[in-house]
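Below, chain A partners chain B and then partners chain C, in two separate complexes.
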Partner chain A sequence: MKRLASISVLLMLKARAFAVARFPKPDFHSGYQYPDIVHTVPNETFWSWMDLGILTLMLLAAVWAVHRAKSRRIILGISLVSVLYFGFYRSGCVCSLGSIQNVALAIADPGYHLPLVVLLLFLLPLAFALFAGRVFCAGVCPIGALQELVNVRNFRISRPVTVALGVIPWIYLAFAILYAATRSQFIICRFDPFIGIFRMGGDIGMIVFGVLLLLLAVFVGRPFCQFLCPYGALLGLFSRFSARKVEITSPECINCSLCHHACPVDAIRPPSRSSREEAAGKGIKRVLLYLCVLPLLTVGGALLLDSQHDSLSLANKQVRLLHLLQTQEETATLQMAPEVEAFHEMGGDVQVLEEQVGHIRQQFHLWSLLAGGLIGFSVGCRLLRLSVKRTRKTYEIDPVACVACGKCWSYCPQNKSR
Partner chain B sequence: MKKQAKQPKGPTSRRDFFKTCGTIIAGSGLLAVGGYLAPRSSATEGDSMWQIDPELCLQCGRCQTECVMPVSAVKCFHANQVCGYCDLCGGYYRANVKELNTAAENMLCPTGAITRKYVEDPYFEYTIDEDLCNGCGKCVKGCSSFGNGSLFLQIQQEICLNCNECQIAKVCVSGAIQRVPVSKAYRLKDKA
Partner chain C sequence: MKDRKIYRDLALVTAVFALALAIMLGVSWLQSRRSTPLQSQVLETLKELHESHPENEELASQIRQLDLLSRKAYFTEKSQLKSGVWILCGMAAILAFCLRMYYKDSRTLPGKELPAGDEWQDKTLSRRYLQWGLATGLGVLLLIILSNALQPARFFRQHEAEPLPDVDNYAVLDEETQATEPTQTITEEPEQQAVRPMQSVEAEPQQPVPSAQAAETTPQQPAQNAQASEASRPQQAVQGRPASEEARPSKELPQVATEPSVPLPVVKSRAFRGNYSSGRSSAKGIPTSWDLSSSRNVLWQTAIPRHGYNSPIVSGRKVFVTGADERARELYCFDLFSGELLWTATADNIPGSPGQMPEVNEDTGLAASTAVTNDKQVCAIFATGDLLCTDMEGRRLWARNLGTPDNHYGFASSLQMYGNLLIIQYDNNDKAELLALNVENGAEVWRRNRKDKIAWSSPVIAQVGDKPLIIVMGNPAITAYQPRDGQEVWRVDCMSGEVGASPCYANGIVYGASEYAKAVAINAEDGSVLWEADDCLPECSSPVATKECLYVATSYGAVCAYSAENGKVLRQHELETPFYSSPVIADGKVYLFSNSGKCYIFSADIRFELLNSFDTGEQTFATPAFTDSMMVVRTDKSLYVVRKKE
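Then we have the complex of A and B:
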């Protein structure tokens, strides 16, 4: 009983987990051999290069399906492979969406080691977008592919709503860069909607969100790709300048509007003659106005987000720890947060922490300026784009929004007659 | 008449010019990011595995709850070379047990993952059943408070999904979870 009492006393002393030789190494007489436990390390290098290789192959296949074969069936095949391999088999990590954050962190912090595979994962789909449009979205990305596979009907959301919601990916991107560059959080990974479904487990809130988003995707084409995906925003930007655009039909368009109604992401613009109806010079004046508004919005966004950089910095672990320490002192409660307890236990120095936090706040200062500027700039560009009215004689694909899903091809009567 | 002749040429060529400019800017942007980051990323051995530094771990219990796996990929490891093979094991028995026997109510491990085998008087060999272990770290706390600290938490790489951002590392109170190169995977206590 005495020995047992000593256990409880010692347990309360909260010794650190150092290997302290309290008891001597046993001296075996029975010829006992220490078990030899071997821990196997999975070949992560092999698998990451394998992923990259398969990604490249699938991108090439998607380019072929979109630009040569013009077959939605092949794209659906690629989608299925992507969902099964990248989604369920490889469980998602690391993906091109998430790699934005690694790249942002690597640019912000030269000490951060960015694996080459992750860099290539970031660059490859963008390079493909520059040459062939958003073929990555078509079926290679498991998130897009899953939504594509469940989509049954397209209830068209009104155009102004689509345009307004289209700002969200840029805001998401700006915050993702802000939090990644300051080593605070990887929010794209945190709020990945389908990772819980692919892994059949995880944060219950995110799984519920993912399931709801999937249910929405049954009736609205690709809600995540359209209104949330930060990588899609980048891909759209690169796709705008792509060398080869996705085309509905090579022969003459007969303006039947079937493709327009089939498009799940509202990327097909109807013919319009709007510029002719306006008074001369009015359009130019509007463009000039928005050109002036653009820098104002950029600076305004930057200053607005920067004014919040102190509260934004609370997302960082160190800043939160200092905050906890300070509230602990103020309220002087006995109940300590585990973080505070650990800090004291490890003999942490508050002054050193304060210095660190000061440095982190400086980083937040810089990066919230940049992120706010990005948000303002993207909103300004959106307004500018809306103010430019083009004359279209036929139905045309907007390369920024088009995810190359290939639905329009099967609806086009001209394609059928080929 | 002059205007009509110019119109089809003017806007299209201007638009093409803008597009070409955009393509060049976007392409060079990609090359710049790639060129800036590629030399750095291939220079050193990559930190790719999430690992717990057993020297820093404080057994707060978050490994059990925060991992994205249904049952945490963090498991209790046992360094036999460090173990004292005691009969009265701080990691095996609950504190303040009334009678020292292996009845279930005396066991510290909530999932019964620790088994012991009699070796010779007075030594017992302790083994962790990784399939049962949920990484709660109760035994680790017991062992490091009353014992040699031969039990410790570590990430089992075969289970770990190697998330881009480890959910446990995000909330680890002592910052014990870090990425390490593949060659340094499994920081163990007996094979340091």
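Then we have the complex of A and C:
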């Protein structure tokens, strides 16, 4: 836990490190004693278990609200609690979203001790998704909840665009795993646009990005969840196979289409009405074609990303340091990077560093293969899914896209008459 | 209804303000990222002023206040920026609230008909978008791969460039540079065409002149070689005219053919005594004997238009030397393979350049300082204080006068380069300084006043681990400076008298030796003195060191090998001939020229055995430069290249 917290804190404080580098110590010696650097105290065990307990309770409450009560008010209530507790009070860390990286690191590096709490934080929402759909997204996740609370109006984005952009979370997930497994960066934490808002501080650029996302969320339903969230991609996958899927209404659907218009994430599929007739067998050929393309995309993606593993490995601080050292030596430039200066001042051994970098590069070799394969596979699967015609007689929820926000229930006349 | 209007108006106003604030914050944020508050011109100027007047407390106080103000201003700006972001957050919240209230009771009700959208059409379009996206992504990735493949720069090379050479890794270094550097070829000139245009020089009787000095000399000898200099100087070179016909003594040399076939040398000798003045070269295959009279193992020999005691430097196929007299100060570029004078750059029309030549000792001359290059620019300095920098084709990039040196023998310190810094040890009788200029435009980067007396030594670069240091030897101190800002790292008071030799560095140890003081070994990390000795001390010749030994050549004829560990003399040769030229280690051997032109070759190990010695027939004061299988030697009158002939 300590390590986890330390890594997170270090990543979040990176921006501050730049500010420090810009300000050397004053030239004059005034007798002032510089205080020792003190890192933020990691979460204590009690609070970690407390988080987990509250998460479980909220997930259970969300399941009840989604499947039994079908109440958007309760969902909003849960959202508010989540934003206040997980967001502002607990500063948005550790969250299930970021725990992907810890799990990936634990898989890649047996020497890394994955705290049980973090593992449960990762698994619980997935387990709930497997049984009850994306109830975690409904209001338990503070990021989704914050976007939900500010959402006022939904301007519908073209569905083909939404579907095409839906591949981004998988790419993000692949890179998050790649960088975490190679001990390079926790990019989900580093580029979390809402963490600065929850913590009331941090990198101003990311805070501005977060605010812009929130402004966008006023008019577009949950932009982060739809187009960026890597954990959402996993939850979507699990909820596809969930035992109990989210439903619009228990009574019979009257095809009024109100829910379809209300859904902020365009997760409700209307009754299918294809205007184009297709020759018999054409659809089968198309599916077979995409089935053949799937392994090609997987292998191609793996090989392509692997071909760039050297460039990708520059995200690792050790690799970057060696690269900086070599560049500095080659060009004999005088503007020594702070990292290089620190390395020299600490009496770093280049040979040792080279050995470490060699090992890291091997890891990048393996993990970029896997990450590239994941990207190729996800694109292939998406293409395959899009090549299949579906027949639907009533409005149905797409369990992959649905975040269980409950907006459709409040519009459904059948639901109201229940 | 009225309430709705209020919310609508409020939302509108908030949105406008939020947008304006967001733009302002964005611009301010971008500006603050580039801001470097402590690098203000005023502050820098005041600091420089303070360095020359360290006792001025008022000035120090002013700098403190300014420094504090700069810091305060920066952080106040950051704080304001942060406040602005929170105001923006507040506005966003108000906007969301107002909009929510505005739309509270107006839910969109669709028409009775189902939306016109066709799901299958959507899916088809989605597939197309995905395929386009995929194709674009692939294209971008392939472009990246292609550009990476085309670029010679790679990640994580072992040793591509020519780093500070070390005798211990000669073989590795050479093989690797051969393997990695791009090869450019030229036609090898036919052996029989390697003519020697110095017949008149050869015909001259060799004068037993004990004077004159190599590039770093402390001239004290009588001007006995003046006649020789004058006699050897060709009557040529109209000032300011590039490489005129009469300025080409080797006109009859064969022209370099355009058909390439010989690899361009990769081992360079960019400064006095090699790269960073280490005194060591990774060149291999250097002949251990040659004969100027029969041209055995001599590729070419040519006259240098104007006289100078400076040493040659080599970059690729270009050899640079300088020459000067009362009429002109010139930088010459010769072809390494043919000896053809490729171009001449004249240091003229320089503002501040003295109309009359400063008085210099004959042994020093007006061009005692060796030029320096970084393979892109080449710079030369003369005893007039004229500093000239050209590109590799001889086009002047900039020139400036540093002020006529007040130097009773004549300015003799050679130039040094580190990165884009041109480093000059600019010592005068009243003031000793170390300057760093931007090699691209001649602008001063930093200047340090040294608490030393005048010296004729030259700065060297020591790569201590991966930390570069400029080592300067003066009287009374050997001092290490950071190249980045010229800050003093350590200083050891150990010298005295007139210091003419330059320091050297090897294996974490800085060595200094001067005839009027002692030999000293200093830990380059912290400046602690490891040992001192006074058995064998040089006057003008600079020592060279390996991991095991320090080799010293003296002006009284003794040549010694000290133990690098404890300073004990391991081997001493009494050769009874003065040495002003400095020893250089190449191919596991120490090459050394006596003033009379006798070449001595020793084994570069603790045995320090004399492997060969022979008379070249021409007085030699300069230090030779080494490149692949070749050695470039400047004699008192000519320039020649030694290369083993098949």
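Basically, the second predicted complex is superposed on the first by the 368 of 418 C-alpha atoms of A that agree within 3 Å, B and C clash if a C-alpha of one lies under 4 Å from a C-alpha of the other, contacts with A are read in each partner's own complex, and residues count from 1 in each chain.
Rule of thumb we're sticking to: a contact is a pair of C-beta atoms (placed from the backbone, for glycine too) under 8 Å apart; a residue touches a chain by one contact, two chains touch by 3 or more.
Everything numeric in this text was worked out from a predicted model, so none of it was measured.
Q: Output check: A:Ile143 vs chain B and chain C. Expected answer is one of first, second, both, neither. What do you get?
A: It touches nothing on chain B or chain C.
Q: Could you say whether A:Asp203 touches chain B, chain C, both of them, or neither, answering first, second, both or neither?
A: In the superposition, A:Asp203 touches chain B alone.
Q: By the touch definition at the top of the document, which applies to A:Ala267: first (chain B), second (chain C), both, or neither?
A: In the superposition, A:Ala267 contacts neither chain B nor chain C.
Q: Classify the contacts of A:Val94 with the two partner chains as first (chain B alone), second (chain C alone), both, or neither.
A: Only chain B; A:Val94 stays clear of chain C.
Q: When the two structures are overlaid on chain A, which partner does A:Leu178 contact: first (chain B), second (chain C), both, or neither?
A: neither
Q: Give one of first, second, both or neither to describe whether A:Leu119 is in contact with chain B, with chain C, with both, or with none.
A: first
Q: Check whether A:Leu105 is in contact with chain B, with chain C, with both or with neither, and answer first, second, both or neither.
A: A:Leu105: touches no partner chain.
Q: Touching chain B and also chain C: which chain A residues?
A: Of chain A, residues 19, 22-24, 26, 28, 200-201, 343 contact chain B in one complex and chain C in the other.
Q: Please output the residues of chain C touching chain A within their complex, sorted ascending.
A: 18, 22, 25-26, 29, 36, 38, 47, 60, 63-64, 67, 71, 74, 78, 81-82, 85-86, 88-89, 92-93, 95-96, 99-100, 102-103, 107-110, 114-115, 117-131, 133-134, 138, 141, 144-145, 148, 154-157, 160-161, 163, 418-421, 465-468, 483-484
Q: So in the complex, the part of chain B that touches chain A is made up of which residues?
A: So the residues of chain B in touch with chain A come to 19, 22-23, 25-27, 30, 33-34, 36-38, 40-42, 44, 46-49, 54-60, 62, 68-70, 77-82, 84-86, 88, 90, 93, 95-97, 100, 119-120, 123, 125, 127, 140-142, 144-150, 152, 156-158, 161-165, 170, 173-175, 182, 185-186, 188-189.
Q: Using the touch definition from the top, list the residues of chain A that touch chain C in their complex.
A: So the residues of chain A in touch with chain C come to 19, 22-24, 26-28, 149-150, 152-153, 159-161, 163-164, 167, 197, 200-201, 204-205, 207-208, 211-212, 214-215, 218, 255-258, 260-262, 269-276, 297, 304, 307-308, 310-311, 313-314, 319, 322-323, 325-326, 328-336, 340, 343-344, 347-348, 350, 357, 361, 379, 382-383, 386-387, 389-390, 392, 411.
Q: Please name which positions on chain A make contact with chain B in the complex.
A: Against chain B, chain A makes touches at 3-8, 10-11, 13-26, 28-30, 32, 34-35, 37, 39-42, 44-45, 48, 91-95, 98-99, 101-103, 106-107, 110, 113-116, 118-119, 122-123, 126-127, 130, 185-186, 189-190, 195, 199-203, 237-238, 240-243, 317, 338-339, 341-343, 345-346.
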